[in-house]
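Following: one structure in structure tokens, then a few remarks.
Going by the order they are written in, the chains are A, B and C; count residues from 1 in each one.
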């Protein structure tokens, strides 16, 4: 009864359900599009300047889109109280956490794959530094947001103001990761500095917080 | 209030008074900044005290998760609240100091920014405690506290590096700037006084929390004896 | 293999004195929700291989007690031992729970639901799921989503999910809610057969008359405690509780 097998099964189930109803992903995609358009109206620089601010804009946009995705993480499990069926089974709590976190990662990655090209178009972006580094930053940064976001979404279940609570507790703790994401993206786009330290920092952040999440999730899941 | 508490209170007031004297009168006037610099004796000890309080919150939260001990939870609640107060002092005294001396209200220097992030994290902790429903508030809060404190060194390192990439004015001199020997006593006296004040406030808040727990227990007993409410 | 005590359908002394270890032991369980005491010192020994019907007014603490036995909640005070273990997580494989809510995914079909839950218990054999559905007179090949099932079908599927892994202890909270009389009778008979094969079954229901034939004992709860049956404990008294359709 390995954790990874259970996680895979739960992830497959979630993806299947999402594929059938598509209710979360459709609204998220549209939201992502809206955010990019609005940002493009609000911050309308020329091509030279755009490379300097694009990093910040893109990641703030991703952050808001991610919150929309994260807020619905547990919605399906709470309908019909089906989460009880999981908790009553011998399946490990961490398998559920990993499945939800990977699921969120996929959703947010899909969002980013939509939003990034739009940003490139609206801002006429061209990267001076190597594009593969941007991908690494995107992967590490997205995981940083998603791993904590999934955990805090579980915390928020038992609060009065569920949707507001999640960003409220997620944003402060994510500040170092956000700083790293923004600055490394800017460094790569402008080619003016090396993003190495930032990428290492994001890796450390990811490792530390994934461990903390896995350590504490069971207590939070069963806090009834 | 028993004798020991009264004595400690008196000592705290005395320490605060003496520390104020040290800081505002005894300490030499700073060369370039003038008397405004004396705010440093409030700014820095508040920061150290806040940090210690948040560290205590971290330990109390771990103890609570391990032992589910109501006292640990009360300590966590108390230290977080008092910590946020001291943290606010740091964030307010910073700009008050910076404006006349450096002409800017705010600077994203490493220490001040870390303090801001710390403040945000612990305010979010207090919000979670306030808005959580159900009997498991303490568990959820303890989990968040651990996240928050683990984040602190990461925040500091991140902002330090960010600042080496994008330098900006530093309040109170850079990391390496030394302190004139005659400035150490007022600094340390103020730190002592603030620590004692922190203890007084935490104990008071802790007592309040345990009293609330007692009231809940009384209601619970009543519910057990008679018909439930 | 435990020999069942003689069936006690008249609701008299509900506390069989056992020489063997009970399947479930509830000892002075107290549960607070803030200031409200949902359970105020409930105690009972549930013998293995018996079918217990838990009855009582709304707010008596029946669902709370069952959730604590299932391991979904910790008691505020007191202890619960299931199959000899105080750690309810460790016996999760041997316990089945059917909640008041359906505990099913509306967007998936019956078989998809069961396959997923079977996987949580380490079972990957499709035949197990098919059999469970057929036992409940449901069509395993029906691709209709559970959200479009009738209430009766949903209840039966929920029961199928609860017994999928052949647990020794089965806990059911209002299995007959909104189920027609005929199906309820069939489900009750099924529960009786489970008991006959040695399982321990606890059923919370307002429709005690449905369980009249198969129950070994009625457990009465009132105001957060398990009480001895009221003095006039004739079957008629239980039967006179009107079947509640919700």
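Operating definition for what follows: a contact is a pair of C-beta atoms (placed from the backbone, for glycine too) under 8 Å apart; a residue touches a chain by one contact, two chains touch by 3 or more.
It should be emphasised that the depicted structure is a prediction, and the values quoted were computed from it without experimental measurement.
The pair with more inter-chain C-beta contacts, choosing from B-C and A-B, is A-B. With centres computed from Cα atoms alone, the innermost chain of the structure is A.
When each chain is reduced to the average of its Cα atoms, B sits farthest from chain C. Remark: chain A and chain C have CA centroids separated by 40 Å (rounded to whole angstrom).
Mean C-alpha position of chain B lies 51 Å from that of chain C. Centre-to-centre, using mean CA coordinates, chain A is 31 Å away from chain B.
Residue numbers of chain A whose C-beta contacts span two or more other chains: 224. In chain B, 134 are the positions where the chain touches two or more neighbouring chains simultaneously.
Shared contact sites, meaning residues of chain C that touch two or more other chains, are absent. The residues of chain A lying in touch with chain B in their complex are 148, 151-152, 155, 158-161, 165, 168-169, 171-173, 175-176, 179-180, 183, 193, 197-198, 201, 204-205, 208-209, 212, 216, 219-220, 223-224.
Interface residues of chain C facing chain A in the complex, by the touch rule stated above, are 67, 70-73, 89, 92-93, 95, 97, 99-108, 112, 116-117, 119-122, 161.
Of all residues in chain A, only 1, 5-6, 9-10, 13, 16-17, 20-21, 76, 79-82, 84-91, 222, 224 touch chain C in the complex they form. The touching residues of chain B, counted against chain A in their complex, run 65, 117, 120-121, 123-125, 127-128, 131-134, 136, 139-140, 143-144, 146-148, 150-151, 154-155, 157-159, 161-162, 165.
The residues of chain C lying in touch with chain B in their complex are 30, 32-38, 40-41, 76, 223-224.
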